[in-house]
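What follows is a pair of complexes built around subunit A, which joins subunit B in one and subunit C in the other.
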Partner chain A sequence: MKFSILREDLLPALQTVNGVVERRQTLPILSNLLLNARQDCISLTASDMEVELTMETENAVDSIGEVTLPARKLLDICRALPDEARINVNIVGDRVLLTSGKSRFTLSTLPAQEYPLIEINENIADFKISQSNLKALLDRTAFAMAQQDVRYYLNGLLFELEGDRLRAVATDGHRLALCDTVVKSDQQTLIQIIIPRKGVMELLRLLHEGDDDILVQISKNHIRIKLGLIQFTSKLIDGKFPDYVKVIPAEAENYVIADKELLRQSLTRASILSNEKYKGVRIILEKDKLRALTHNPEQEEAEEEIEVSYSGEELEIGFNVSYLLDALSHIKTEKVQITMIDPSSSCLILPDGPSKTKYVVMPMRL
Partner chain B sequence: MENRKIVHIDMDAFFASVEQRDKPEYRAMPVIVGGAPDKRGVVAACSYEARKYGIRSAMSSARASRLCPQAIFLRPRFEAYRQVSADIQTIFKTFTHLVEPLSLDEAYLDVSACTQYGGSATRIAEAIKSMIKQATDLTASAGVSYNKFLAKIASDMDKPDGLYVITPAQGQAFIENLAIGKFYGIGKATEAKMQALGIHNGADLKRWKQQDLTARFGKAGNYYYDIARGIDQRPVINTRLRKSLGSETTFENDLADKDDMLASLQELAQKVLRGLQAKQLLARTVTIKVKYEDFALVTRSITLEQPFNDMRTLLPILPQLLNKTDVAQRRVRLLGVSVSNLMKDDESNGYDQIALL
Partner chain C sequence: MLKVFPWQESQWREIMSRLQQDRLPHALLLTGPAGIGLTHFSNCLSAKLLCQRTVANDFACGECGPCILFQAGTQPDHIRVEAEEKGKQIKIDQIRSLIGTLYLSSQAGGYKIAVIDPADSMNRNAANSLLKTLEEPPADSLIILISHQPSSLLVTVRSRCQRLNFPPSNDALTLNWLEQTTQTEPAHLHELLVIAQGAPLKAIALLDTDTLAHQQTLLQDLIELSKNKLDPIKLAEKWQGFGTVEVFQYLLIVFFNMAKLKLTGTGKITNNPDITVYLQELVNRLDLAQLFACYDQTLKNYQAVTGPFNLNKQGLLEDIIIYWQSILYK
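Moving on, here comes the complex of A and B:
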């Protein structure tokens, strides 16, 4: 393997794939990158066996070949080289020789055949979606995923494909986020997959605004997405996502309409004096008035009041204020519609007008 | 903060000294308190006579026995040590309520506001030492300085029965000349790393920029940066909330069977949870510790959203954590369970997040 490449051509690929490399690896080869040089194309792959990222770069290749080499060190070297540096890469024995100007680096390697590439069997479904739609879908839901829940199937994002509707659902068992979008697909039967948290976060990092259609392929155990020169692959969580439909309350007649930003700001202020660990806030609804009360173990107190539109009965319900703020921060409309029923029933938060996004938050007994 | 007066008191060879006090026949002899040498225990404490043979605490008892075959091995008697500990705590309290015990035999005292002995921290330390001697017939070493870091190092300078003072005027020069391995908070691994970077003493450490230290050592880099300048703002805290609670066990024979390991983990977890409940605490993080037959040590932990102190929560987590280790391939010498991220149970009273699913 031998080629020469400009630092600026190699660095984007290195930076893109390096995020997947785990610091603490049990398998030594996983702290390496797979470098593949073929006709006019160089590709870099990183993996933690759960998420795999490959990025290609067009570049002339003098002689083809593949090898694995230390990911972090390669990135650090390329970063530290001067702008516009030309980097020559060459395999010498079981080492990779990297030269640039008067700099020389000899890096250790491991055989490319030992690199555990994810192998995909048969696709069970595929669809096309615009990049910005996929980004919006993840943006609006991913925050509600569980972090390290014992119910491992909650540590990820549900994708549900039926006809041309793709639905994303995330829940940590206390609150839930749901968003629908339209895709190009001829999938008839309903398909449910759970993408693990790390895969979702990695994908969010890769997605940008853009109208370009991207191809999403689903196999029994994997999801693979082609994003221009990048190929993203993630394992799926093998488990059954809970029946989320039954926990989404119906829209009641007496809902609150509030100015989203006004409400978000007053809850943000109130949250300062809520209990640091439990984040409790007391929401009191009266005719056209919403009040938020918090206090902490030091007996400090906050009270906020805003004008809203509400004509239902008087209600007093406790919530984790962070859950309410998370939902409000992901709503893009000027007004927000909130349905509260009683202190032990879930609360529904919706953007104003026809919408495909829903947030559900369960109260807290205070 | 730099005009504080901190005293660090550390009993000399504590467990071993108590044994020698109560069993006069062992005085002036190498005494080791800890596990028996034919079992798999470790040295908990050893007398100064034993230290001459190179024996140190935490060394395996078997190794200690090889270093000094005539050493006398005694099982620890924690009741006796606790009694002495209570006695010295009472003495501390006659000077200040700002006492922070680090273990049974070690404590920091903030004597800045003391009026006895003309407010002289050195004379207070002398008085504490002689009161301890009188009450317990044991010796202690004292370190006196203007922060915890230096007071702790000072108590170690003149052991046993020592008294060492580092004044604010001496602080800088003292730190600059201090070998890097002597710094409290710099263990063997960090010391080796620093030596390799050419940091051999305080003066070398002081030449490093804060950002370079944090780049190399993470968050600890900030601490190293400060202590190189004699800065340690940590107050003496008398009511410290426990940070973690744990229990561990070393097996007579290494375990190879996963079910045996799980059973042991469950037993340890029971013990830890009983401790949590007795102290009216809740935890959010649980950690298991696995030491393989080759002494390699790994920990695996998980942090839950909701605080817990019940077995129902913990039970399904133990196998999950164990599966993240190499126990399928490697035999296990020691297992441990600990919980951290603790909070008072009453703080959670009245906050009950209702489940959606």
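Moving on, here comes the complex of A and C:
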């Protein structure tokens, strides 16, 4: 393997894939990058056995080959070289020689065939989606994923593909976030996969605003997303997501319409004096009025009152205020519509107007 | 190609026949003395299950992609959990991360294999956190527990696994293998294998150490104690240099064989004819109850040394020397 590349061409790829490399590694090869030089193309791959990231860079290649070399050190060297430096890469025996101007670096390597690369044999579905749509979909739901729950299937995000509708659902058992979007697909049967938390977070880091279409491929064990020169692959969670449809309350006739920002701000203020552990807030609904009451073990109290539009019965419900705030801060519209039925039923929070996003928060007994 | 050791053939055949009938358990407990090659067996089985070339009873091919990764130790579907440092415990975080990995889909789409080696070094919290997954692991996964002291595992862990036992092996087949592997003379190997209590790999490890010489000295000291009253404190200091655990292990074998000699009139403790004469004299001098009492006392001290508390080793050695003297000069 031999090629020469400009620092500015190599650095973006190195910085992108290095995010996956964990600092503490049990397997030495996972702290390495797989460097593959093909005809006019160089690709770098990093993996932590859960998420794999590959980025390609177009560049002339003198002789092809592949090898793995220390990720962190390679990045540090490239970063420290001067702007516009030209880096020559050459394999000498079982070492890689990097030269640039008068600088020389010899890096240790491990054989490329020992690198645990994900190979996908058969796709069960694929679809195309615009980058900004996918980003919005993840942004609006990912926050509700569980973290290190024993119900392992909750530690991820459900992707449900049916026809041209892609639905993302996340829940931690106390609240749920759901969002729909339209994709280009000819998938007929329903497909459900769960993307692990780590993969979702990594994907969010990679996605940017943009109308370009990206290709998503789903296989039995993996999801692979092609984002321009980047290829993202993640394992899936091996399990069945709970039946989320049952927990979403029907839209009732009596609902609250509130100014989202006003509500969010007053709840934020009220939350200061809520119990730090349970975060309870008492919501009292009266005609065209919503009151939020909190108190903490030190007997300090907060009371907030805002004007809303509501014509139903008087109602008093307890909630975890941080779940309400999470949902509100992911709603983009000016007004929100909140349906509360009784103190033992979940509430449904929707953006005002036609929308494909739904948030459900379970009540708590105060 | 990864092949099991000759003394593991029957266990291998058993597992293979279960595999063919598609009745492989989801959790296997491999038990046997240290040095019988349990880790090796588990590697053979894991490699076989992950190998792409399926030849009925045969071992993993060693050439296909998954096999190359296996040999390099980078096989993503083979997860090994061991203590972070030798002699330390396996902690709950390690088991939790293992469980997390097991619930992810496998990389190649086949088996996911988790190996906990040795399972008895899991601390109580770690073992308890494994229970739910051990009872009902995700599909296509196999959990292999390796244990040299299955009795020290939680009952709830043991009952969730199918056990495959590897008894000590000192038959001709094993000796033959040892001879070919080490190119040492058979009589010597036989003695080593006796000292290693039928664990062939341990016998090989003994070959490179001064263990044999130490043990000769130990026997001579025991005999010397029967003639003259030696200073237990100085003697214990000397023995500590041989390794306290090893001394107790060997004393257990010596007292066991002396009792055997007394009962049956047959048995051999050492190849050294001079020492054998003296030992025979000692056996004649003591009665069976005294020999068993020595064995029990040694066992007690051995358990104290290997147990969870950090007891004074010098003291435990002095204790056994004084006990031996008290038996002799009653």
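The working rule: the second predicted complex is superposed on the first by the 366 of 366 C-alpha atoms of A that agree within 3 Å, B and C clash if a C-alpha of one lies under 4 Å from a C-alpha of the other, contacts with A are read in each partner's own complex, and residues count from 1 in each chain.
Keep this in mind: a contact is a pair of C-beta atoms (placed from the backbone, for glycine too) under 8 Å apart; a residue touches a chain by one contact, two chains touch by 3 or more.
Note that the structure is a prediction, hence the values are computed from the model and not measured.
Once the two complexes are overlaid through subunit A, subunit B and subunit C clash, as defined at the top of the document.
With both structures placed on the common chain, the touch criterion links A:F105 to neither subunit B nor subunit C. With both structures placed on the common chain, the touch criterion links A:P363 to subunit B but leaves subunit C unconnected. In the superposed model, A:V150 lies in contact with both subunit B and subunit C. Once the two complexes are overlaid on the shared chain, A:H222 sits against subunit C while remaining clear of subunit B.
Once chain A of one complex is fitted onto chain A of the other, the partner contacts of A:Y115 are limited to subunit C, with no touch recorded for subunit B.
In the superposition on chain A, contact of A:L27 is made with subunit C only, not with subunit B. Using the contact criterion defined above for the overlaid structures, shared-chain residue A:I237 touches subunit C, although it does not reach subunit B. Residues 148, 150 of subunit A contact both subunit B in one complex and subunit C in the other.
Within the complex formed with subunit A, the subunit C residues making contact are 65, 68-69, 72-76, 96, 99-101, 103-109, 132, 138-139. Residue ranges of subunit A in contact with subunit C, taken from their complex: 27, 29-30, 49-50, 111, 113-116, 118-119, 121, 148, 150, 152-153, 155, 196, 220-222, 235-239. Partner subunit B is touched in their complex by these residues of subunit A: 26, 146-150, 171-176, 242, 244, 247, 275, 277-278, 280, 297, 320, 344, 346, 360, 362-366. Contacts from subunit B toward subunit A in the complex involve residues 302-305, 307, 313, 316-317, 320, 326, 343, 347-348, 350-357.
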